[in-house]
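Chain IDs A, B, C, D and E follow the sequence of writing; residue 1 opens each chain.
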Amino acid sequence: MTPSDLPRDRLRHFRGARFGIGELARARQLVDEQGKALILPYDQFIEHDSRHLDAESDAGNPRYILDLARRGGYTGVAIHYGLSARYWPELEGAVPLIVKLNGKTSIPSQDLAFSAHTSFVEDAVRIGATAVGYTMYYGSPRQDEDFVQLARVRRECERYGLPLIVWAYPRGRDMVQKGGIDTSYAIESATRVAVELGATIVKANIPKPGAAGYIDNSGVPEYYRRLEGELREMSDHESLQVRCDRVVRAAQGIPVLFSGGSRIGDEDLLYRAEVCVKAGCLGFIFGRNMWKREASKALEITERLRSLLHEAE
Amino acid sequence: MTPSDLPRDRLRHFRGARFGIGELARARQLVDEQGKALILPYDQFIEHDSRHLDAESDAGNPRYILDLARRGGYTGVAIHYGLSARYWPELEGAVPLIVKLNGKTSIPSQDLAFSAHTSFVEDAVRIGATAVGYTMYYGSPRQDEDFVQLARVRRECERYGLPLIVWAYPRGRDMVQKGGIDTSYAIESATRVAVELGATIVKANIPKPGAAGYIDNSGVPEYYRRLEGELREMSDHESLQVRCDRVVRAAQGIPVLFSGGSRIGDEDLLYRAEVCVKAGCLGFIFGRNMWKREASKALEITERLRSLLHEAE
Amino acid sequence: MTPSDLPRDRLRHFRGARFGIGELARARQLVDEQGKALILPYDQFIEHDSRHLDAESDAGNPRYILDLARRGGYTGVAIHYGLSARYWPELEGAVPLIVKLNGKTSIPSQDLAFSAHTSFVEDAVRIGATAVGYTMYYGSPRQDEDFVQLARVRRECERYGLPLIVWAYPRGRDMVQKGGIDTSYAIESATRVAVELGATIVKANIPKPGAAGYIDNSGVPEYYRRLEGELREMSDHESLQVRCDRVVRAAQGIPVLFSGGSRIGDEDLLYRAEVCVKAGCLGFIFGRNMWKREASKALEITERLRSLLHEAE
Amino acid sequence: MTPSDLPRDRLRHFRGARFGIGELARARQLVDEQGKALILPYDQFIEHDSRHLDAESDAGNPRYILDLARRGGYTGVAIHYGLSARYWPELEGAVPLIVKLNGKTSIPSQDLAFSAHTSFVEDAVRIGATAVGYTMYYGSPRQDEDFVQLARVRRECERYGLPLIVWAYPRGRDMVQKGGIDTSYAIESATRVAVELGATIVKANIPKPGAAGYIDNSGVPEYYRRLEGELREMSDHESLQVRCDRVVRAAQGIPVLFSGGSRIGDEDLLYRAEVCVKAGCLGFIFGRNMWKREASKALEITERLRSLLHEAE
Amino acid sequence: MTPSDLPRDRLRHFRGARFGIGELARARQLVDEQGKALILPYDQFIEHDSRHLDAESDAGNPRYILDLARRGGYTGVAIHYGLSARYWPELEGAVPLIVKLNGKTSIPSQDLAFSAHTSFVEDAVRIGATAVGYTMYYGSPRQDEDFVQLARVRRECERYGLPLIVWAYPRGRDMVQKGGIDTSYAIESATRVAVELGATIVKANIPKPGAAGYIDNSGVPEYYRRLEGELREMSDHESLQVRCDRVVRAAQGIPVLFSGGSRIGDEDLLYRAEVCVKAGCLGFIFGRNMWKREASKALEITERLRSLLHEAE
């Protein structure tokens, strides 16, 4: 294929800001020829204990996951170092590796959430990873430790020319008191801070409406309470679109991957994905919604997600 | 232009103490030919979450901000590393960069305020910054961590000949109990400590009168309670001027930049700026009052601030 | 002996994933010709104070233990550095050494359990250890310190090609509230996390049934409450087998050593061992059940355990 | 001047123990030809906020202070790094510099007092300091951090041959409960620990009588309660002399500088100074009592202090 | 003297385990020709404040102590670095130096006891120390920091071939609740852990009977409650002997030095010393019982202790 055959600019989602040379070269590996990303995250057996064994698939088996990623044409798989070093080599590089660098379990309270290193950037480099993933807990009382840990990871990523995907997650007791971890307020602010700290790509959740009482919560800035009021005037569809558009805009040209969150039904998933695509996201990073489905179903949905992404723009 | 054409000593605000060679050479880049500084700070999307999207401008867009800095003839823009590396390069050095090295969010309690690294001095050096910014929380229970973090930043700045601008902010539960974070007592003391720790330039807020009960607050030193009493005898204008004069004096020859704080009206802003100029400040570091205004208005006000600065002395 | 004489693949328990070159070469030393491991752990005089002096043997004497390991044909002995450096040399390498790198005592509360270094990987390398042991407390509020400490140990192990045996132990006040530290939920999750962080071998306890009220404990994921219900429908034998099978499966091809826990009777021990063997474990790491027995009895039981292991498959 | 003209051994206060080569050579610079030291400390604008602006002099001005030190013939000035680097160079070395390496503010509670680095030994070396000062808070719950921080400073001082002056201050909630921070018990113990940790010179406060109830305070060792009883039998003069003698003796040959504490009247100051001189101190380190006086008065008192010191022995 | 003249194997107390080359060579310097050690510890002015000025001797004077050590033929003196560097050189090596590396004061609560560095192994090496001393607080809630600090000291000791004497002290609120810090349970367990972590020599206290209620204290292991019951059946003498024998046995061939604790009468001291000798200790490390006595009395008792030691075996 000659350059003129390229259907579109493969890196166009990375034209919104200046990226490093190696960072861009590797970002290219994380997207398909249409420039879109479909990432399979599989760090949930640290984050959520082993409860996902309730899946309709062989979800506990890393080889199953890796094979699913390969068969589904995923552009990356995000796993911790132990799985990276033990099972990923069998793919012989067929699916790019994103080493998830930090984690925490579901057991202690989330009040003071902090996600600690399970491996280091140099580990990821050594085994041929294309990128690293880092969870930042926006608003946690331990944000000071988080910021400096992330700053060091970012510095190492620059040293090696590695893209840094930031899981931008609002979390902690104060965030809960300020309306919760899923509101537009929380998610937009977290997304923005990931950009401020140098993320190559931001992984964000799809925002949800504020709970009852949200509009009167004095812990929430007036701007966001007013916004919530306006969103409530809209149809559910329209307000969801606005929420997702705003997350992408919060990232100010830094590409956004939307998470899928806990497992939901096919139509709901596809409906939400379509909204995300319209919002201009780089792609999806859906885990439980993929690998907890039965394999053929997962592959079918994957294909539909890819179509949605490719139809965009 | 030959030296004899120079209207005045460009570095005269840096004659009040001994500065390093590189420090001075770069300080020169942070002031205009009249020796005055107009800095545009834009770290508020970390500090205050995303509430400033309520602006009359495209305030959430780093490119908008950088362009505003360029069009307004600002002598520096103060931003975090992520924005520095991603968007500032587009200015091709037209506005000097001040990398803001630390930050915290608005979400957890401010009782134990501590501002953690989001990047490091070497990051700033590598991308061509002219200076770095550091927030010091005077009076916070975590001041011990702050002091040593600042001491290390200062040491690195000396190594690379980089000016160090210290955001000298009273903060924390004890400061609140001792009359608040905005009094002359708090701000003068914070300014002084920034100087004691080696700031090249101090960024200070304009002090406010103590709240009701201040004069009887036994947590406040007698000297400052007496001062407050004297200030209350004066006209509002006179007392404001004294307060600002005292902040500049507290810095003992180290140049002072006054912050603008939350957004206020045009006349109020210009009135306060005039007082600051009379107090002998190096210049202004007004953020929200600039970029939350509509662009043409912001540029107009910028011009008026510059005139005020140039008329000084 | 020529390769064709080898009864079976000595490293077949290490075919389930990719291991490093030195890691595999040394893992070979930790198993017998049948590929099975019998490890004698002796870190309990740190973990449980000196209460085990109530043994029927000279259990407090490291030389007794080391001699027992030699006479019993153990494939490894796991001890802390002080004992390693002082007594193990007398064996002249006859039993491979596993240096236990971290520990804690029984005295302070287990609520915030954390096991600190008593020596370092380089110490183990220097004195000729074949592997290192590390205790990870899954679910402890101090898991963040544990993860990063373990990540560093793992990194060092890779540097030196040393197998890393992880004591995967649920622990801490939150784990207790979520049904206890011995349930299938707790142990499977801990085992899995050890694998996610890069263990070469996982040491796990045999799970026990949840206590009364377990099925209604909202802190336990629904999946595991349902599982508990199903296990209660089975015979004791069948449910024990399922529990052990599941632990081995949780390790996803990473070899599992089962612990013996506190001392139990001969028949009970052998019964449980048989279940473990059927579950497909790499072998046993029984301490108190060996060295607290009178020596001849311990050797006899050791022999029976070995037979069980060799009869497997 | 030939050695035979020397009125007395300039370093005789440093004959009570073994000092290092560079340590002694620099200690010589800190005393006058009579071997006595008059040090002007000026770290109070960190320690006590800016309340000392109530002085009868231009006390807030570092240049004023430095000039006072020069005019008064002080043998050293103790200031933090920021002032050292910015203003001290103007003296062109006329008064030796003691960089005060750590500090804390008056704002948070003193219960857990800890004084953190504001600069490092290498900073002091680089700018030509003759010695460094370090505040140790004897008895604070954070003494473990203090001890190790001090041990590292001491190690660096040895590396560079720099004298280490330790501000030996009892502090913290437990010290308060054990009779207060100014008793002979507290100050002698603190002085001693400074010596145990390697101080070149100890800075101590003049002890005060225990408060009412002191003799029955079970937190105070019986020895010191008995001592207090004995001291109460003496005249005020005699007991003050004994208290000061004991502090010097507590230092066991390591030279002692007495602090002046908060400002007191001329006669009181001179009276106390005479007692200190009789106790055999190396000299004085009086700050507020010097620079809060009007300049000519300060110089006059300085001269009288010097006479007292020179008349000694 | 030819080897055949040697009355007995000078290092026979170090035949119970493997020691390093330099460790052994230096251990030789810490014992007399009969192979016994008499160490004078003098770290109490940090540990117990200055209360020991109530001595019948010039106990506060380091020179007095060092001279006492020399005159008494002590085989080592254990002091902190400040005293080591300032006063010990006067002995010109006549008494081997043991630098006590860590300490804490008596002022804050002992609940969370932790002993912090006052100097480092390299400091000890540089000034010619023969060994180092380290206080480990068995059972303290801060044991994790203690373990890793000790592990690092041990590693440094190995690097330089320096013997490591561990003060094995039960301590902290949990130990108090589990029957106290002086019971056989506490002291045997602490001794053992010192061995597990690599001590060259263990310093232990002589155990005392458990307090009233001990036998019913559910925090104490059944084994030790039963032991306590058995000991209560014995005569006081017999039980004391058993307690001391058990401490030596707990060390498993690693030499034990018994502490003297607070000052007691001559006969009591000698009686207890005899029991310790019979138990097979390496020697004594008696401080207050030596230097708080009048000098001639101290030397006399020292001589009697030496005789006891030499008569042993």
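Keep this in mind: a contact is a pair of C-beta atoms (placed from the backbone, for glycine too) under 8 Å apart; a residue touches a chain by one contact, two chains touch by 3 or more.
Every value quoted in this text rests on a predicted model; they were computed, and no experiment measured them.
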Chain-contact steps, minimal, separating subunit E from subunit B: 2
Separation of mean Cα positions, subunit D and subunit C [Å, integer]: 58
Computed distance of Cα centres, subunit D from subunit B, in Å: 36
Residues of subunit E engaged with two or more neighbouring chains: none
Cyclic chain order - from subunit B, heading first toward subunit D: B, D, E, C, A
Residues on subunit B engaged by subunit D in the complex (per definition of touch): 17-19, 138-141, 143-145, 147-148, 150-151, 154-155, 170, 172, 174-175, 178, 185, 188-189, 192-199, 221-224, 249-250, 252-254
Touch list for subunit E against partner subunit D, complex: 43, 45-46, 49-54, 60-63, 80-83, 85-87, 89-90, 102-105, 107-109, 114-120, 123
